[in-house]
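Two complexes come next, and they have one chain in common, chain A, joined by chain B in the first and chain C in the second.
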Partner chain A sequence: MTRIGLPARRFSVGAIARDAVLLALAVVTLAPFVWMVSTSLKAPDEILTTDLHLWPRRLAASENYAHAFAAVPLGRYLLNGVIVTATILALQLAIAVPAAFALAKSEFRGRRLLFGAVLLGLLVPYHAIAVPLFVGLHALGLLDTYAALVTPFAISVFGIFLMRQFFLSLPDDLVDAARMDGMSELAIVWRVMVPAAGPAISAFAIFSVVAHWNDYFWPLIAVSSDTLFTPPLGVVAFRNDDAGTNYGVLMAAATVIVTPLVAAFLLAQRRFVEGIAFTGVK
Partner chain B sequence: MTEMSVSAPADRSIAGERPRRPHEERAAWGLVGPAATLIGLILVVPLIVVVALSLTDYQLGAKAWRFVGFANYADLAGDPVFWRSIANTALYAVAVVAGSTGLGLAVALALQGSGALAPVWRTIFFLPVMASLVAMAIVWEFMLHPTFGLVNAVLGLVGVAPMNWLQNGATALPALAVIGVWQQFGFAMVLFLAGLSGIPTSLYDAAEMDGAPSAWARFRLVTWPLLAPVTLFVVVISTIRSFQVFDTVHALTKGGPNKVTEVLLYTMYAEGFEFFRTGRAAAIAVVFVAAMLVVTLTKVLLVEKRIHAR
Partner chain C sequence: MARIEIDGIEKRFGRTPVLRGIDLDVAAGEFLSLVGPSGCGKSTLLRIVAGLTREDRGAIRLAGEDVDHLAARDRDLAMVFQNYALYPHLTVAENIAVPLVMRRLTTAQRLPLVGRHLSGSRAAHAAIAADVARVAETLGIAALANRRPGELSGGQRQRIALGRAMVRRPKAFLMDEPLSNLDAKLRVEMRSEIASLHRRLETTFVYVTHDQAEAMTMSDRIAVMMDGAVLQVGTPDAVYADPDDLRVAEFVGSPKINVITADAALAAALGVDATRAPDPDGLRLAFRTEAVRLVDPTGAALAGRVVHLENFGSDLMVHLAVAAAVPIVVRRDPHDPRPRIGETWGLSIRPDRLLVFDAAGRRLRSVVGRGA
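Moving on, here comes the complex of A and B:
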């Protein structure tokens, strides 16, 4: 962002107009977030009115947030979100990283075939195979469990592809030297390759966590018990409930569910923006 | 890391011709084994099964099923709701791709010269990409509330009559497209910013000296052609994402009113997981994959064409 492509013309009419347009767009972009938080602080009589104002005349924050946690197990939903995203990420890394290393740095029969399958996987969104996955999990009696939430994402062909590209850019000498030292292949992966692949791994981790924390389609299909709901399912269930017309409480619940990722993003913006841009292939 | 990667390409070409060693072969399979097994079980087998299911009348939970050939596809071809669903998905995709690509590019260009505030703008515009879409959809629903909504209140200030945006056949799909653009344009912006930072400043100076003094001339002569690969990439990614629109539809309109927001993935979901017409849902899934392949192949062809044109 430090590089400026066009000659800088400060204080010109053009620059002022540009900033005004950016400001207007920023207001529209932020409006849903601001309105969500604002409403979550208001009592019903200040919400169900055509006299709109941003800051509540009477702060109803504690009622709304307490009611949100009492009406539905919001804490449980958040915990489920953490369990599911963390398990998915751990499995994806444990399985994809060694495979990516072998695809980049080893010769073996079936390498082309496997890489072909990875590329095929990149073309097919998981939604397309949701029906057979559902039928399979149904046959195994695994529907409505944590396993159902996690299993379809245990393998990330995107993770394999991304890591493979990164490992290809690392010199073979690094690997050959480690092999000469008698390190096992698995030790090379975790002790030589992974430390060198920090940026690629963190980019993938951000991509994976954002995708699965926010995923709505698969959890909707895979689970039906309230106790297994992930945050997106939780907030919709809440809306469909009777409490859903109590907008202050509903917006409090939405705020609670949106906050973890937004807070993480604000704390590590650069990393997030670069990570998502880097993984933009998907 | 940078100085190490210089030697990588040469090393690879040698490694490619290196004879295989048995122990290396075994070690490699040890590493790819779990991934290969799971790709088979979670990806390849389901892909084969979805095609197979689309040729049956299987219904989840039913004891018996028969092979029906292409009957599911024939049914879909004769079903106006399915065509409606395809047309709506295409309309939504065109609107969201055009909106988020155009807005993303415009914002990225504007941010180029905006100095110290640029990171702040970037953070703001990227925020919707991070936030749970379904939670924000519920916020949008409240903002679009016919009586107490912020949108009607603000539009009322400029004399627009209040509307029930999500329940009106003329505005429901456009409203969902606006939410889609709101959510996606920051993503396009980030990709365009990365592309713009790769254009050397000297090219702009050269263009100016060659008699392209206006910003528009410089954009047309330098930025636009050099950004073409990024633009193609953004368009393809946005198209693929737009085809997958589901969250807002399921949470806000359920395909209504009167099927105006019925989209492909939602139709598949309803058939497969609400009516349990598994065979029919599988056929829709196959059509969905085919649509994805068309988008991707179009991109590949366009890239090839540009390479040959050079």
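Moving on, here comes the complex of A and C:
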């Protein structure tokens, strides 16, 4: 009797412990964001005090957010962010999907070598080649343009790798059936592989958008004109304020910049789950 | 409907030869099965005919025309795959329509939204929809038109794959183990369905299978392949009753044919004139389960002890241990008196159904039994 009861009880104790650990981790992860939002709602005198309270005594949200948009062209930065991340993603997919298809489903000389090159590319962080990139863009006269923000990321070896792995999991017969049905290789890529690769594309899009929306390093190097600033550069503009950092406004700007990402992620997450459930390919 | 000529096809994967000079002539409108154990090269041969794999040597002719320079999509052949290979993101109707969309519409007409409003596009789309509906009706899948493959059963998916192959009236159908992923009952149903489809369409079918029962039940002719070579081509009757090679005899027919190794004395006792064989002591004698009867063991050339009974309802298979290692199987009517396990029975083989092979497995037709 007790033997039968025991595993269930042990399981529930384990489950509670597990949930407690996860909850603690979630709190640690979320705390800075909560604090960011909280600070963005507070007046300056309330921020720089020693007592700890989440909800402001006096709501200064409208001042902080209004000031954030007034002090710098935050709307412009957001627009730049959208333009840059969308263009990067579009170029990455346009290049990575056909390349991955070739690596996964076509047979040609040097395929292993090329795939090796892709893997090699994965090992090199782009920061390591930032200087050559900078020099190259300078030589081309492209510094301080949208092109400077976009072109270094147009080819994503990570994207190629991820797509290739996904395409490998699709049956070869699907490609052969498309050939028999009269499709060219490119038609197979766009009419069969891309729709079937929905989950992989969503996953990659999340990685790409998050990485490039939040990227601070490269835009800082590549552009100097205020009109080309991406959101992270815009936030920093507040810190360099002559009158000393106004944390309420800074956090308001940070909240504005993070919001689209959070919203996009929540939307994509739903699609992501749908996508995985949809992969009844086999 | 087209004749398919396969002429001296050779193929290697790396150093391994997969096809060693295949010659086959498939008549227009014929149903030919390529049958053999896995790895015999049958699927590779089919893919070479389809244009999906390139041969190292040899030629394929379709309706008298060389097609070796043509890509798969330009050969006007349709193929059905083992795992159906349906487009998961398209509905049933869209799946069936794909070959027509790719062939009848221009690139501009295929564009989403805009494409439908181009000149001539409306009529072309309507014609495609009508053809798809007709095929779906024929295959009894009209009700599924708006479903996606993921929601359907294996049998339904295979029907859709057939529909996609049928819809554009190709020169020939190539089928690569289309029933292997179905359960046993459905497989038997689909067998007769594919055979009747062939009669209705009057098109050339090349059907690859490892299941000899499928080949036997559907085909006009069977090509038995092993180790990259065609061992025998013939009607199901000929391949079953008159095999050229012991491997063919063993592969075709269920239960498996009985084979015993016989010295000259035993061969003579069974009515074989072993003296005319090159090596009279290394003969392999083969006979089907229905070509042997149980008789009184006294005086029988061959006798054995009953070790196992298999009752199929329609047939009773009696397994007898003889001196040879593998038990001999005898087919009996279950309503006849049943032998019991442990009993000893004599075996009487119909001489006209006794097949004689040499030690290497080649058929020796000159060394026939008394009855022939």
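Please note the rule applied: the second predicted complex is superposed on the first by the 231 of 282 C-alpha atoms of A that agree within 3 Å, B and C clash if a C-alpha of one lies under 4 Å from a C-alpha of the other, contacts with A are read in each partner's own complex, and residues count from 1 in each chain.
Simple rule for what comes next: a residue touches a chain if its C-beta (ideal position, glycine included) is under 8 Å from a C-beta of that chain, and two chains touch if they have at least 3 such contacts.
No experiment lies behind these values; they were computed from the predicted model shown.
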Could you tell me if A:V235 is touching chain B, chain C, both of them or neither one (first, second, both, neither)? first
Taking the superposition on A as described, I'd like to know which of chain B and chain C A:I95 touches: first, second, both or neither. first
Partner chain(s) touched by A:A187 [first = chain B, second = chain C, both, neither]: second
Looking at A:A177 after the superposition, I want to know if it touches chain B, chain C, both of them or none. Which is it: first, second, both, neither? second
Thinking of the overlay built on chain A, is A:R18 touched by chain B (first), by chain C (second), by both, or by neither? first
Specify the partner with more touching residues on chain A, choosing between chain B and chain C. B
Quick one: classify A:A196 as touching chain B (first), chain C (second), both or neither. both
Chain A residues touched by both chain B and chain C? 171, 173-174, 184, 196, 280, 282
Of chain A, residues touching chain C in the complex: 171, 173-174, 176-184, 187, 192, 195-196, 198, 278-282
Chain B touches which residues of chain A in the complex? 1, 3-10, 15, 18-19, 21-22, 25-26, 28-33, 35-36, 39, 47-50, 52, 95-96, 98-99, 101-103, 105-111, 114, 117-118, 120-121, 123-125, 127-136, 138, 151-152, 154-155, 157, 160, 168-174, 184-186, 189, 196, 210, 213-214, 216-217, 220-221, 231-232, 235-236, 239, 247, 250-251, 254, 257-258, 261-262, 265-266, 269, 272-273, 276-277, 280, 282
Complex contact set, residues of chain B against chain A: 1, 4-5, 7-8, 11-12, 15, 18, 20, 24-25, 27-32, 34-36, 38-40, 42-47, 49-50, 53, 60, 103, 107, 110-115, 117-119, 121-136, 138-140, 142-143, 147-148, 150, 153, 182, 186-187, 190-191, 193-194, 196-197, 199, 201, 204, 215, 218, 223, 233, 237, 240, 244, 246-247, 250-251, 265, 268-269, 272-273, 278, 281-282, 285-286, 288-289, 292-293, 296
Partner chain A, residues of chain C touching it in the complex: 47, 50-52, 71-73, 77-79, 81-90, 98-99, 102-103, 149-150, 164
